[in-house]
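Here the chain labels run A, B, C and D in written order, and each chain numbers its own residues starting at 1.
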Amino acid sequence: MSQSLVARSLKKMQGLWIKSSQHPRPLDAAALQKIREQLRECARGAGGEVSARQRARRLGESYLKLDAAGRCAFLRLIATEFGPDPAKVAAAHAHYQDVLGTPEQWNAEARLWSALRSPRTRILTQFNALPQGVRFLVDLRVDLLCFVQEDPELASLDRELEHSLAIWFDVGFLELRRITWHSPAALLEKLIQYEAVHTIHSWTDLKNRLDSDRRCYGFFHPRMPDEPLIFVEVALTDHLADNVQTLLDEHAPVFDTRSADTAIFYSISNTQHGLRGVSFGNFLLKRVIEDLQRDFPQLKHFSTLSPLPLLRRWADKTPEAWQQAFQPANLARISKLAQCPPDVAGMQALLADPIWMTNTRLSRALQTPLTRMAAHYLLSASAGEKRLHDPVARFHLGNGARVERLNFLADTSAKGLQQSFGMMVNYLYKPDDIEENVERLLSTGKIAASSSVRMFNAEDKGR
Amino acid sequence: MSQSLVARSLKKMQGLWIKSSQHPRPLDAAALQKIREQLRECARGAGGEVSARQRARRLGESYLKLDAAGRCAFLRLIATEFGPDPAKVAAAHAHYQDVLGTPEQWNAEARLWSALRSPRTRILTQFNALPQGVRFLVDLRVDLLCFVQEDPELASLDRELEHSLAIWFDVGFLELRRITWHSPAALLEKLIQYEAVHTIHSWTDLKNRLDSDRRCYGFFHPRMPDEPLIFVEVALTDHLADNVQTLLDEHAPVFDTRSADTAIFYSISNTQHGLRGVSFGNFLLKRVIEDLQRDFPQLKHFSTLSPLPLLRRWADKTPEAWQQAFQPANLARISKLAQCPPDVAGMQALLADPIWMTNTRLSRALQTPLTRMAAHYLLSASAGEKRLHDPVARFHLGNGARVERLNFLADTSAKGLQQSFGMMVNYLYKPDDIEENVERLLSTGKIAASSSVRMFNAEDKGR
Amino acid sequence: MSQSLVARSLKKMQGLWIKSSQHPRPLDAAALQKIREQLRECARGAGGEVSARQRARRLGESYLKLDAAGRCAFLRLIATEFGPDPAKVAAAHAHYQDVLGTPEQWNAEARLWSALRSPRTRILTQFNALPQGVRFLVDLRVDLLCFVQEDPELASLDRELEHSLAIWFDVGFLELRRITWHSPAALLEKLIQYEAVHTIHSWTDLKNRLDSDRRCYGFFHPRMPDEPLIFVEVALTDHLADNVQTLLDEHAPVFDTRSADTAIFYSISNTQHGLRGVSFGNFLLKRVIEDLQRDFPQLKHFSTLSPLPLLRRWADKTPEAWQQAFQPANLARISKLAQCPPDVAGMQALLADPIWMTNTRLSRALQTPLTRMAAHYLLSASAGEKRLHDPVARFHLGNGARVERLNFLADTSAKGLQQSFGMMVNYLYKPDDIEENVERLLSTGKIAASSSVRMFNAEDKGR
Amino acid sequence: MSQSLVARSLKKMQGLWIKSSQHPRPLDAAALQKIREQLRECARGAGGEVSARQRARRLGESYLKLDAAGRCAFLRLIATEFGPDPAKVAAAHAHYQDVLGTPEQWNAEARLWSALRSPRTRILTQFNALPQGVRFLVDLRVDLLCFVQEDPELASLDRELEHSLAIWFDVGFLELRRITWHSPAALLEKLIQYEAVHTIHSWTDLKNRLDSDRRCYGFFHPRMPDEPLIFVEVALTDHLADNVQTLLDEHAPVFDTRSADTAIFYSISNTQHGLRGVSFGNFLLKRVIEDLQRDFPQLKHFSTLSPLPLLRRWADKTPEAWQQAFQPANLARISKLAQCPPDVAGMQALLADPIWMTNTRLSRALQTPLTRMAAHYLLSASAGEKRLHDPVARFHLGNGARVERLNFLADTSAKGLQQSFGMMVNYLYKPDDIEENVERLLSTGKIAASSSVRMFNAEDKGR
């Protein structure tokens, strides 16, 4: 991979290696040869298991000191020189096909499998001997995901690492923990760093999110005790929250949880890019709902207050969405109030500048069209498209929630206005409907939604 | 598998299922069909990940209630109906071989791997959702190891389970813990139950083994916190211990560890039959030695006092061993003292009854021949045989120890006299020689031994 | 105190010092003089607080090595030479009485108090600097309680130590902990050692008492984490238990706690003789009932199954008790069955040998008289006597329980037959009546009892 | 106490009660009478120990809701109506004096002590039954210390509470804990709040003080696990630090502790005003030094970098201090540079405005006079004055440190310049000299100081 490709990758990956070493070093040919030899000793298990692992540990330490190109070369070495032997694979495969249907089939299958298992996994696993070995492998995967985009030779290595990580991080090994103001500062600091939905601005903001009317939960792995793998922030309220700024207001009085009947999941953040492909978010919500039900038996509703992160981007690429959302009466009224042309281009120009939000009458006129557009965005996939546009919708609908309500002017932060014209959505989890919703989505592609949301979309259709 | 085969297997496996359910039930055809359908739903992920796992959990609970034949049928169902699709494997393999040497090779390899990965592993992993899921899978493997002996169709399933267990129980995830008299009684009870070398007779015996001149360490997995996977018992002394009854004497005064220069590993027990093939014993000793060196910097020698569990069995099958061990002068002296024929048959008859031990002069006459026989037994593998006879020797020599000393009348328990005529051996761990010893054993098959032990064997040769 | 007095005391105290040092040393005059000087330095705080405490620590270590006479001399030294200065006390008292009624009174009171506070407490407190300092002071009190019986000079010192211990061991500082089979063996071993009511015969017996249909709770002090100060054993049942051997039967099946409606406190043991006068048993029961109610909301009855430890001793000193218990018809029937004289002496002779228990008809004939005697024993204090005979009754009635039922042949152990002719009693805790029961007992001396128990006593009266 | 007095007190005490209740209530005569009755029931133990404590708990909760005057009245009620009975005290005292010298003396002493022990302590102790009872009593003492300044009737009550607190908070019960960035945020937040010497400005500042070249330790009580009672901040360096701004610079690189030979205690904060009179600071330093020596065996010097908090205040009241510090040559030079009158008044005017610090030549001219003044301030107590002026000096010299070096422009914060013209001092702890230094200070009043510091003072004397 050329340096420029590496540079391109690095821009995308937000650079693990930059953090790992202050002065990363290049990898010259001699050093590469030395690493090749050490890897061979590792793979062969020279000097016994214990020594092999110590050797792997030293190799891992070398890796951390390399620059991006060096790391990429290092990984390519493992990927290409420590893979399975094609001749052995061919032989094992031939035997397997030969004995199909005989009792020997099962041994032959196991042998084919062995032929295909390469020293790569063994080498990767042995890096585990580093202090914080699991952390190291998760971070290594971040590098790998970055390099593999430009360098397909790494594909097999990435799959093997993902496979091992998926076994290690099986949800059966994860621990649900409440995160509170009594948690270690070193852990709370990571919430600030990892929160991906609604930025945590300060320790005071964080403390407010851990107050008595809030809950925060994370999944942890026993070998990464100070790293939440994923975490969710919950507000306890007595209504279906429709505005995230209100929820996050540090000066709002603390809600008396004795009258809470609703739990709002207002932020869910995956923290480990290196665990891409390993899913546990669905289990998190299930476990959190159980925990909340035990502590607050009076809770009746479990809902999110979620962003629509790609709404504007989708709209920009979908001219007919504007047509459907802005009906003639809407265009007329808005153009009058905003003194702009009564057409789609006029609407787009108007919405490009968040100033529209400050005009109450104009806002009111925009509410229906924007809600309609959001409904279209969320529900249109059901009309034949394969995949939901929205990653957040994909997550919650795939977990069995339904689209409950669309909220206008619900996220008035710069980011909220930019991404989705300030729109947000509540996904509702009704424990009894979850399995059916998932099943229907998988088999028919039909999206569960409340009738009120459906209406906004139906209007479009009926026009 | 017929009921009689199952019965045979069960005798060997010391029956997990007997413990799991007091009234095991058979599995009839209708129930089997129902399980088949549930497994299909599981494998397909119907209703989403969370539901699939709950289904697997219920399946796992059903499994535990079955009798042996029922369990075997259940496992065979998974093994034979949820394996890879041979046609897909063939196609993926053909593509892989086609593109060898092109950049596509690596993707093709990953795809072949995917084709070979079967729903079996997914099903097994999902059993993890049971409370104590890891414990369940380890115990399931005990069943599987039992059934697979008679039923080769289970071979692939066993390999897949072993593979997953090997990843989960990678030594990087294990925790070294000291076990003391302050450990939970529920844990200590398991030492009594699992101790495989020198039976623990009572809680008083156990307490004595945890006294201030003793150490006990185990490896634990974070998800089986009350189960040592392997444990080692250590005595701190000022000499190379040569008798295990002395070591275990409850009435012996406690040794003042300030004058200790030697650590004797006198018992190492693997506890989980279901983890066969997953090794961590070598790491245990390494970590224990490090821990001891930190706490007792004055320690100089690290040695075992180990049994020779198969000495008599080997001797019974090796007539020339008797010839070499009992030289004419020995035969003459012994036959005179014991009034038995001066030949091998006489010696065998004499040693069949432990009464010989009570005659001091006779004992003394037997010391050299028996020591010679033990040296022969331990060292003869180096003369060309592939594999060491003795499993304990295999473990310690494979870890880099050397045979240091043979001890006569070192284990005078019934078991000790029966297995090895009362002989025991010290394997010595010299930190600086370990890697070289391992390397030499692997490459040349040469066994490391002290000159004194070597002499006993050399004499034989030179005769 | 003469050596013979010490010896007498030691017999009573079951000898702390014997355990503390294997070779206790006497204290000669020179050593005593040296200790006197060190105590003076301690009391004066020479070299600062930190040094004073180190000195105290060394003094404490010396104490532990002394024999009984030496320890007694050591304590007498503190008691008599480090008390308050009578002249200063007199002056402070005079001033206090002078200024009574003026604002100066309160300062004067504080000053009188200071004059009376002696260096003794300071010295005692400083022993706290020993490792396990609290443990040391509790054990020191055991010595002191032993010596003070013969040596009134130690009275003040004992009161001061009791005062400090009462503050340290205030119930607000104690922690209620469940004791289970997962507790440290070192702690469970102490249950075996301390159980004072129904001896624990083995680890199997202990494990049975910690099974899923049992609960065990103790109060712990944060600085003696492995020592229960008091503990109670509870059985969950569906009836008011009437026989302790049945409760303790290791072979009885485990009761399914889902159908439990009754908790039986069948054994309560204080463990620390050195905390005599510091009470927390009443708080223990209250806290345990709360904990049980939380875990088993269906529990309705909280009762003990208690011994009558002094019944026979009381009966032996109370001839009229026999008269009342054995009415002529009883005497006639019993003498016929047992072929003994039909009088009190005959009854006493008969009951001296536990053989009577094996004769069913004889047992049945003895039931009413013995129950009557037990009722008389428990309830007679209300007829004007100041203090209840029975220490266990004192505890439970003082806590607000009532005498619920008398159980014949309820403890057929040798000890049970010897102490109380096999009789036991259920004290019942009705949460709503507790305060009233306590109040009535304190103000009127009236003992709360069920009508059935009362009847057994009423019959006597009405005869 | 009149409302105005209460108000005055409150200004001093920084108001516990304000925090305890948002809407404090007054206490009217009827409510006071009701409290009186409840206190009597408490003191009498009506309904048993358990009920008495529950009653006390409710009383404690009432207390927290009162306003300042109400609380004062509540406490005065306990102080004046639940004290000892003077007549009983007189009788017990008469008996005590009568039997002096007889064996009865010791019982009589104990009885006098009992007569003097009042129900007050019992009442106070029972407040312990509140959740966080210890915390409550420590806070109650804050109130009491405030009220007692104006209301001498509370003196005895305060002494009794102090006595109980001193026993509970005996250093033997305290736990030394390291405080790190992994400590709970709720605890770290308290460091920010309690730091009394060098304000912690932000979480980043705090994190910097817990970095790898820093240590922070606190003493904790088992019943107040989230409250450090006192804490010390330590910097590891390779020299005797002379400037606190440098030490606290968040942008300074982290020091590599492998080359550390010096530990600088740069901030010690007591946190609980309610524990006034209960000392543990000296033990803290001793324990911290031990801990540091274990972790960093190469440390050679243990020193503080301490403020001189009352230097300017003392100088303002001590005209001769200026005379001695500013000798004619100094005055001349300074007046020339600063264009101010060459006399004491001129110097005082000059130093009133921190602007002098920015003029390098002027600063240099002020160094000697200000150092001389600081030396005079610290050491002059030895010239016959009873008590050291400086509370920080009192603490460290009383612990056995010596005055090692005076540092000019060492604390250039506004507070540092205001309090002490920017001067700071190093107190040095030489483990071997500690006891002798304490002893000499106590017996002769002589202050330990290095010769260089002594010289600055000697010059003054010799002038």
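Keep in mind that, in the parts below, a residue touches a chain if its C-beta (ideal position, glycine included) is under 8 Å from a C-beta of that chain, and two chains touch if they have at least 3 such contacts.
On a predicted model such as this, the values are computed, not experimentally measured, just so you know.
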| item | value |
| --- | --- |
| Chain whose mean Cα position lies farthest from chain D | B |
| A-D against C-D, pair bridged by the larger set of C-beta contacts | C-D |
| Whole-Å gap separating chain A and chain C, where each centre is the average of the chain's CA atoms | 62 |
| Distance between the centres, which are taken as Cα means, of chain D and chain C, whole angstrom | 43 |
| Where chain A and chain D are represented by their mean Cα positions, the distance between them in whole Å | 51 |
| Residues of chain D engaged with two or more neighbouring chains | none |
| Contacting residues of chain C [partner chain D, same complex] | 46-51, 53, 79-80, 83-84, 86, 89-90, 93, 96-97, 100, 103-104, 106-107, 109-110, 112-114, 116, 125, 128-129, 133-134, 152-157, 159-160, 164, 167-168, 170-173, 222-223, 279, 282-283, 286, 398-400, 434-435, 438-439, 442 |
| Complex contacts: residues of chain D adjacent to chain A | 181-189, 203, 207, 226 |
